[in-house]
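Below are two complexes that have chain A in common, paired first with chain B and then with chain C.
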Partner chain A sequence: MTRRDDQRTGAVRLAATFLRVGVMNEVQYRINFFIQLVQSLLTIATGLTALALVFSHTDELGGWTKPQLLAVMGVFTMVGGLIRTVIQPNMQRVVEDVREGRLDFALTKPADAQVLVSVRDVRFWQLTDVIVGLVVLIVALVQIGDSVSARDLAVFIGVLLVGLVTIYCFWLMLASASFWLIRMNEVQELFDGIYRAGQYPVGIYPGWLKYGLTFLVPLAFAITVPSEAVTGRLTWQAVAVAGATTVGMIVFSRWFWRRGLRRYDGASA
Partner chain B sequence: MPTEPVVVVEQLGKVFQVPVREPGLRASLKSLLHRETRAVVAVDAVSFRIEPGEVVGFLGPNGAGKTTTLKMLAGLLHPTSGNCSVLGHEPKGRPAALLRQITLVMGNRNQLQWDLPALDSFELNRAIYRIPRADFLRLRDELIELLELQTLVDKPVRNLSLGERMKVEIAGSLLHQPKVLFLDEPTIGLDITMQKRIRSFVADYNKRYGATVMLTSHYMADVQALCKRVIVIHHGRILFDGALASLAERFSLDKTVTVRLADGEEIKVNAPRGEIAAATGKLLAENDVVDLTIEDAPIEDVIERLFESEPAK
Partner chain C sequence: MTVSPNGSLGAESKTHAMGSMYLTLMRTSIISQFQYRAAAYFYMIGMVVEPVIYLIVWSTIARSHGGEVAGFTPGTFAAYYIVWMLVRNVNIVFTPFGWEWRIKEGNFASQLLKPVHPIHYDLAEFAGGKLVVIILWLPIALALSLIFHPSLHPSLLQCGVFFLAIWGAYLIRSLVLWALGLITFWTTRVSALYEAYFLAELLLSGRLVPMQLMPRWAQTLSWAFPFRWTFAFPITALTGPISERELLEGLAMQALWIGVGTIVVMLVWRRAVARFSSVGG
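After this line comes the complex of A and B, so read on.
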């Protein structure tokens, strides 16, 4: 096994251990499951009400029918849940650790620092959003009526994962910015605010916003593209753009993170 | 058999660029456009060597450069000048081969997962350091025994007291059997009993495993209990490097007499040990004293004196 392979399996094993321990621990706090479930249901109810309101005036929105938009809402809720389960808690902790000087501990470990800070926390019960979102998605697909083939499903899962990676990269860049800015308390609210835009397909927004939500904050790849995959609207061009952007973001975010670390090496007292 | 020193530090220096800003709104706005920085020398051309198995005390007041030096040795800060090496590795760039053999404990910060029982955090450390299971279990149970953690390790860390947390923290940072321990103020904020407990553990650990220990503290008692050798650092420079005994001989002989008078006024007098009886007698004879204490001069004063005794370069 080459050193690089070894590093990669090391990263996977590390992530698996943290995930296992985190889940074991969270499962003890069962009351959180119910609190989160109620919250998920409330959020989806608000979303559905808004959607009903839109469709009381029109039959379609930017070329998307009502059940198709319902599918988008399902994916939006699922992806939001996944972000809050594994991405957001870890990245917020980086911001806190930088501010409070606790990042030192992650850096004195013989593991890749980026991997280590990305797997330390898991908010297991946020997965209620994934369940609720999945139910909404299934309902939407039943309403659309076209059968979803195994191939569609595989593509859906594939582009969903790619989309999550882009969101992770985006969050990593946000978190890395804290090496320069130090005070980034509101960054989560900022992200949540922008994320809300993802409950509609980005195609319905005006040009500048559409590009912003695609390449600046990559909601298009995380939500719209997977939604297209299960509603028969996906083009191969979109997949290619998503793939290329993801590779670019992985490289760039890692570079940015390392630059931030170098600054930390030089400046922290 | 000749052995290589574990830590080699040569002319090591660290300068921080600190933003300066006058108070007030106008100055704040000005600094938005043009940021002025000032160079602060935290560590200034420091050199020393530490041999395997040594326990060295790094002594100095707050802001003396102790932690900065330690952080450079642990690879967390890059030196601005000079060199250092630990176990033959340059810490800059944090090579995994080095990180596997060292550990860093900071008294005022904790690294165990806050909401998890320590046992789970230990498990995570096992994954990070890739410790073989058998070794891990043996050492874990040994540390639990030595530090008397039996009733503590299955509670979430947040439910532990400060001292308990520190003990658990130390156990967690030793699971990979590091050859070099960097302990930054490990007893800060702890009560006397717990301080003693931790000191005696570090001493035992050093004997048992032959690990090299570098300990910073501003408690003289820590250093007295643990270290044969001390390095005194002040304003980023080494003022003293040698046997603890000779430091005490030269500088710690002062005692402070504090008397409280009937009218509530307090008088403090510093005097060398030999003259303390005379000084106290004089104080008692000349004043209407209601209370009297005699204590060793605080370490800050001792170091201040040490600093004054060395002409500034």
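After this line comes the complex of A and C, so read on.
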């Protein structure tokens, strides 16, 4: 193995260890599971009510039927849960650490700083959203009635992972912006606000917003494309665009992160 | 520091002192909000998305049904949700979730030493922030108007009532959420309760959709809660359709809920503070 390969497997092992410790930490507080579950159920109740209201006045929305939109809602909830489990807590911690001058502690460790800051926190119980979203998705698929083949399922998981990577890159860029901007507390509100747009397929939005939600904030790849995969709407062009954009975002976000890092001069330590 | 002004001042100078305290707190809050304009804009952009989604979804439905759904056209939906944004922003008050932090940090203890009821600090600080919010909202509203073409033709009376109603809504929401937040003095496992409260508010206030699009039973149910007077009423006061009678009724209902809220806050506060103990702060 070359030295580069060594580093890569090292990064994976490091991430796995950190995630395991994070999960063990969270599992100590079991009552939080029920609190999170209630919250997930209330959130999905909100979404379902909104959907019911929409479909009390119409039969289809921008070419999507009710069960199809229900599938989108399921994916939206699942992806939201995954983001809040691993991506958001870590990226917010970067923002806080930069402001407080505590990022030094991560930077002085003998591992890739980007890997390290991306795996320090796990909000394990946020996975309740993934469970609830999955249930909604399954109900939707049963209502649609078409059988989902193993191939569809594999494609779904594949594009879902690609979508999550784009969201991670996007959050990394947001977090890196904190090297320039001091007060970023509101960045989470910003993301949460924009994320809500993903509960409908981006195709229903007017052009400027559709492209914004595809290339600026990549919700299309994280939610709409996987939803298309399970509702038999996915085109190969969409997969190709998603793949190319993801590669571009990985490269760009890493470059942006390192540029920000060069600006950082810690105040503590 | 002089001694507590409570006993030594007459009623008139007391009101005067309270007035100047409000002005000072509001000014400080305006300055600090302006200090962090970028943060304030981040916050507002996040908030723009919610009404824009509703607006696009409902305009799409209206267009696919011959241009109208339950009396709303894309233009009146646009007016509703653009005004919605301002009302929503004015409606933001100290969150009940914040009480846990206040109590945990123990810095609330110093508030108790001051001779004025602590709710006045929240009311003044958040009210000051609203002036910044309104200024920041104007360009966003202008941009959205150019995109979505709202049809908005308020009368002079409607404008006047709207101006009063947004502050009425602000007071109702401040009082009710303050009272709700005080539950934290008894138990900290309240987040699920708050979430349920906000869900009920979302559905019964006119925040998700205008009241006219809700099922009948939900519209009737909404009369039992303060919610509709904090969203649907101020918005509809400006956008219409609304009769003069409904305008005045709305203000009266707001006054009623402000009264109820004040009484509840006073009663709960007295009990809550009796339970409070803290070290340091």
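Just so we're on the same page, the second predicted complex is superposed on the first by the 264 of 269 C-alpha atoms of A that agree within 3 Å, B and C clash if a C-alpha of one lies under 4 Å from a C-alpha of the other, contacts with A are read in each partner's own complex, and residues count from 1 in each chain.
One rule holds in what follows: contacts are C-beta pairs under 8 Å (C-beta built on N, C-alpha and C of every residue); 3 or more make two chains touch, one makes a residue touch a chain.
These figures come from a predicted structure and were not determined experimentally.
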Based on the shared chain A superposition, would you classify chain B and chain C as clashing or fitting together? fit
Tell me which partner A:V54 touches in the superposition: chain B (first), chain C (second), both or neither. second
Taking the superposition as given, does A:G145 touch the first partner, chain B, the second, chain C, both, or neither? neither
Using the superposition on chain A described above, determine whether A:R13 touches chain B (first), chain C (second), both, or neither. first
Just checking: does A:P110 make contact with chain B only, chain C only, both, or neither of them? Give me first, second, both or neither. first
Partner, of chain C and chain B, that touches more residues belonging to chain A: C
Is A:L181 in contact with chain B, with chain C, with both, or with neither (first, second, both, neither)? second
By the touch definition at the top of the document, which applies to A:V21: first (chain B), second (chain C), both, or neither? first
Touching A:Y205 in the superposition: chain B (first), chain C (second), both, neither? second
Just to confirm the geometry: in the superposition, how small does the C-alpha gap between chain B and chain C get, in angstrom? 8
Show me the chain A residues, by the header's touch rule, that chain B contacts in one structure and chain C contacts in the other. none
In the complex, go through chain B and note every residue touching chain A. 16-17, 42, 68, 71, 74-78, 92, 94, 96-97, 99-100, 102-104, 106, 109, 111, 113, 115-116, 120, 123-124, 127-130
If you look only at chain A, which of its residues touch chain C in the complex? 35, 38-39, 42-43, 45-46, 49-50, 53-54, 56-58, 60-62, 181, 183-187, 189-194, 196-197, 199-200, 204-206, 209
As the complex stands, chain A meets chain B at residues 10, 13-14, 17-18, 21, 24-25, 100-102, 104-105, 107-111, 116, 120, 265-269
What residues of chain C sit close enough to touch chain A in their complex? 36, 38-40, 42-43, 45-50, 52-53, 56-57, 60-61, 64-65, 69-70, 147, 189, 191-192, 195-196, 199, 202-203, 208-209, 213-215
